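So, here come the structures, one by one.
Paired with subunit B in one complex and with subunit C in the other, subunit A is shared by the two complexes that follow.
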Partner chain A sequence: MTALNVSMSPPASSAVRPVDGLVDRKLALWHLVASLVFLGVALLAGFSFSLQFLQKYPFPGIELLSPGRWRLVHTNGVAYGFLANAFLGCLYWAVPRLTGQPVYSRALSWFIFWAWQAIVGVTAVGLILGHAQALEWGETPTYVDPVAFLGLILVAVNFLTPIFRAKGPMYVTLWYFIAAFVWTPLVYAMGNFLAQYLVGGAAGGAIGGLFIHDLVGLFVTPLGWGLMYYFVPIILKKPMWSHGLSLVGFWGLAFFYPLTGIHHFLYSPIPLFLQHGAVITTIAIEFVVTTVIINFFGTLAGRGDALRTSLPIRWFYTGMVFYFTTCLQCSFQTTLTFQRLIHFTDWVVGHAHLVMFGVFGFWLLGSILYLFPRLIGAKAYYSDALNSWHYWLSALGTLIMFTDLLVAGVVQGNLWRNLAPWEESLIASMPFWLIRSVSGTMIIVGNFMFFWNLYKTWQMTVASRQTQPAMPGTSPMPA
Partner chain B sequence: MIARPDETRTKRIVIGCIAVAILGPASYGFFEKLYLFILAVKKDQLAGFTIVPIANYLIVTAGMVCLLLWATRHGMFRNIEKPKYDMLEREAELDALDEQTRKNEP
Partner chain C sequence: MFESKSGIFLIAGLGFFALSFVVMAVLPWMIYYKEPEQTVAMMAQKGMVPEFADLAERYPEQFKKHFGEVNYKTYAEALQLGHDVYVAEACWHCHSQFVRPVSNEDLRWGPVSHALEYQNTLQRPVLFGTRRVGPDLIREAARRPNDWHVAHFYNPLSVQPTSVMPAYSWFLDEQGYPNKKGMAIITYIQSLGSWLREYPYFEGDGPLGPAAHPEQPYGGKPVPKQVVNAPTEGSRQS
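So, the complex of A and B:
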């Protein structure tokens, strides 16, 4: 593949090749479709697990369908099936367009696609068979770990090549992407190899804590924010409020985020000064996040109507509000005072759902909504109403689930603190768990409406091509 | 072409203040903890096991420091607002070319 005649600094020249030679649309589309398939499976697995809390689990007594194993399918399906695939799909669109260079190798890209689906598939089967590794969020069976690590290195090579081939000052999105491609394999190796084979005891626990949090902070956060810095200005057709401030946010994240993970193990045998260090860096991160939020809302200033007229923008900014909420929550809940009340309660579960689905899930669903018609050459969606229902059911469902679990956590924490019998805390939790299942149903219904809409849009586009083969002058759906 | 207004003095001051307000206390907190860690390792052998997570952090951070130095040396932070305009212009040009290609399809 040859590179485009565009450098990083000057705008694209007239010698620029058509965009089809730059972006492999089919590959991006397949990654996005795979991500939605895994999202569907993960949502159903999560929902069935939630029924266990209501004593209504649909498959009792079947070892392969035991709720504990399907909970792992839910969490790993979201992390490696939905998020990773959706990020890759978006990266195959964004990186070549930002750098003016195609990815390192198209063949390698397809190899990565199939290898990644195999990794996620084998992981799911391994988890169902009971081969989970004893590391939270790192339950991928030990025989999958080396392959997944190799896969992450190949992803880094494929995307870093065009980034480093480009010349001139880099746009902030590329800074975030560079960091993610370097950090993700390191974090994966740290959690899955160091804690498994080399470091035991409290030090192993500290490594596990770093891994859990760094998977959020050094894998999904840089990719997520990188994509927001790309999609928001191009949809608003307006530059970021301050590129300088966006770099402050990036370098702040780079230096303060990696040490925060130990806050997962407060009140543990890990030395207190190290726990305090994690608390301080977590609070420092909140300041960094504030700069990023200021920048995005500064960019929206004067274009507030986009929240009404552009559904992707609405997904993005809802995710940003949720992001600020989770980070603010994080800077409080990592203090020792808060931990006394909320540790081991459903508060933490609510927080995790808001981060993974309410923030990164929303950003990626907004990105898929924007990209899908462009990737298949559709003029419009089959139904705008279904897209709107998808947003509202997901947003309300997430908000209800988050608030419900937050309150449940406070109730549970207070009951335990007052030494109430364990059964009493279970009885008190039941109404909250019921609301959790109902809000989960809203999210599932909304997302399956979206899947149906995508399928019908694709069908409509194929039919329109058959009646009007070349679709001359087709313009992609506006944002 | 996208208008490229000069950054106002007030905006530059606001951004500078925000940067100092964040990086100052956060750096103080970080380096103080690092200093305490070194003292703890010197005084107490048991604290040595925390070298593993700290070493992990330092390896990652050392990479970022190198990247920061490389970026500064290669002028990545000169004319710091320019990339945001370049990105939008390139995107507009790619969209136009995309549109043109589709129109020219047989």
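So, the complex of A and C:
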């Protein structure tokens, strides 16, 4: 299992730039820990919700443990608790090192940290108490929305300052980050305020669709790709294969991705010409995505051994294969032909899980795997075997869940179209829902193995530090 | 420009977002903004579903306690509260509220959804829904009696053995009568689709959707010409 050890080599830039003082390791670490805490909560919430589909209700009659409300905790916990925190942790590592500048303010960073945990915590409690807003993925209670919006602006200020202060050409990662910091607050405000207070009905539905999609496309995706453009060349110790393709990928994403929102409500009362437009831009994205994937596999060429020797690289590239899969799937499922059958079915649920966990979850877990020992100054992980189990259980669990829900969706769609009694679709879905719960359990077990491994690694590091206190600046993990 | 900070900030960040906002949000908004958005009070004034009065008849004591009398004001109050409960419990994650013109949905639920049906404050944000674990509800009015709903909320399996819906016992009081929340959500559900000229629609029975009613009126009003409707051609294809 030693072959699975995480690549511990220093990034190429560390020799030339004194970056160590720029990164607030504790802050990055705390964000990552917070993200994993929320991931744990979201996973358990998802599991308890999934039991409902097997007619198992672990907490019958308890209003505050209603599966419907915990479903909201599941999705919002993933979006704002897990993904947002993990991104922030990685940004506090990557942005100062890419710009040679500290973030705008250390005090502000800590304020953001606590404010963000409060926002996510209040959101979770609010959802459980029944204060949800009827906006998919924007269920954050209306009293949280303005605060979260201000928080996102502060985040943008905190990170855009070092980026704009830095001299010289910008690396690809920073293109994505700049765009993400501009887009995220705008998207958040648009969905949560316009659709709630100003625009109702079908037009409001168009905005809601745009919000759901932009949250994935303009907040999660650019930050995710930005981190991939950062971590992959560093771990592989070689530059990206093609700078031109990086440009195509970024500008293609920036142009086409925001233009697809309405594809969430095809055949709805939203005007059909807008639905057609959204279908075309969605298919266009698949071509852009292909260029990005080619670029990353071109970078991997000649270093394929890294898939065996570096676990973060394996997480990253598994995520990229899933990314290509999910985008390819998207370019088909967005067509009106597919929509007739699969809209409203579990097909879409499978798609969402593959995107959010199989792609961005994998990238962030790989990044956390890479960063954690460096942040706490550990020599190695407590157990490489546990890390390996984490990967395999998550990867197989995700693959099984995705395939299972895809097939379930086709079955449901056909039963509905054939006018079978509604109960038939439930009976037919039960076996699929059982497999979904089992595959979900695999993912949960894998991730809790990882949490345990991180805890033991931290414990080990603390113990070794007590026996032989490390000299400042001689951390065994290069910064 | 393509690799400069200002280029990315202004063109990709602000510019492309603004473009998408105009195309994907402002455009549909411009199409519908002249259609007045009805308030709950206006919806209540247009017509009260008999099921609301039925609740008062069946549970006179409880109804008096929770709502008082049967009138348009209390009906509006029940609609609003019912909607809020529907959102709080995330009913809309397992029940959609629109009938598509494809996949025989008009045969199963009734007339295909029209944009104007959503021009009211109870559809802000719109409750189209994203997943159908249970059936669509936009044509649910009067399909089932109030008693059925009470039994169903108390224990869905008692009336629908294959259901996966959890019990919502907090919609009922200690004696098993619907409480304020229960009465409100039943009223809300019984109102969905009650604005159509004819309802309810049953699967394979009664009025069979737009083919039987080519004029497809919206609450008795002809559909304005300038409104771009959802697709209706090919609604018989599967």
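We take it that the second predicted complex is superposed on the first by the 452 of 479 C-alpha atoms of A that agree within 3 Å, B and C clash if a C-alpha of one lies under 4 Å from a C-alpha of the other, contacts with A are read in each partner's own complex, and residues count from 1 in each chain.
Here is the rule we go by: a residue touches a chain if its C-beta (ideal position, glycine included) is under 8 Å from a C-beta of that chain, and two chains touch if they have at least 3 such contacts.
Quick caveat: nothing in here was measured; it's all calculated off a predicted structure.
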{"item": "Room on subunit A for both subunit B and subunit C (clash or fit)", "value": "clash"}
{"item": "First, second, both or neither for A:Gly89, with subunit B first and subunit C second", "value": "neither"}
{"item": "Which superposed partner A:His343 touches (first subunit B, second subunit C, both, neither)", "value": "second"}
{"item": "Touching partner for A:Val248 - first (subunit B), second (subunit C), both, neither", "value": "first"}
{"item": "First, second, both or neither for A:Gln133, with subunit B first and subunit C second", "value": "second"}
{"item": "Which of subunit B and subunit C A:Ile294 touches, first, second, both or neither", "value": "first"}
{"item": "First, second, both or neither for A:Arg417, with subunit B first and subunit C second", "value": "second"}
{"item": "Which superposed partner A:Gly226 touches (first subunit B, second subunit C, both, neither)", "value": "neither"}
{"item": "Partner chain in contact with A:Gly358 - subunit B first, subunit C second, else both or neither", "value": "neither"}
{"item": "First (subunit B), second (subunit C), both or neither touched by A:Leu426", "value": "second"}
{"item": "Among 23-31, 113-121, 131-139 or 149-157 on subunit C, the segment whose C-alpha atoms clash with subunit B after superposition", "value": "23-31"}
{"item": "Shared subunit A surface residues [contacts with subunit B and with subunit C]", "value": "169-170, 178-179, 182-183, 186, 190, 194, 199, 201-203, 206-207, 210, 218, 247, 251, 254-255, 258-259, 262, 270-271, 273-274, 277"}
{"item": "Subunit A partner contacts - residues on subunit C that touch it in the complex", "value": "2-5, 8-9, 11-14, 16-17, 19-21, 23-25, 27-29, 31-33, 35, 37, 85, 87-94, 96, 98, 100-105, 107-108, 113-121, 123-135, 157, 160, 162-164, 166-170, 203-204, 228-231, 238"}
{"item": "Subunit B residues within the subunit A interface of the complex", "value": "2, 7, 11, 15, 18-19, 21-23, 25-26, 29-30, 33, 36-37, 40, 47, 49-50, 52-54, 56-57, 59-61, 63-64, 67-68, 71, 75-91, 93-95, 97-103, 105-106"}
{"item": "Subunit A to subunit C touching residues, read off their complex", "value": "52-55, 57, 60-61, 63, 66-69, 71-72, 130-136, 139, 163-164, 169-170, 175, 178-179, 181-183, 186-187, 190, 194-196, 199-210, 214, 218, 247, 250-251, 254-255, 258-262, 264-265, 267-274, 277-278, 339-341, 343-346, 348-349, 413, 416-419, 421-423, 426-427, 433"}
{"item": "Of all residues in subunit A, those that touch subunit B in their complex", "value": "6, 8-12, 16-20, 22, 97-98, 100, 168-173, 178-179, 182-183, 186, 190, 194, 199, 201-203, 206-207, 210, 218, 230, 233-234, 237-240, 242-245, 247-248, 251-252, 254-256, 258-259, 262, 270-271, 273-274, 276-277, 280-281, 284, 287-288, 290-291, 294, 377, 470-476"}
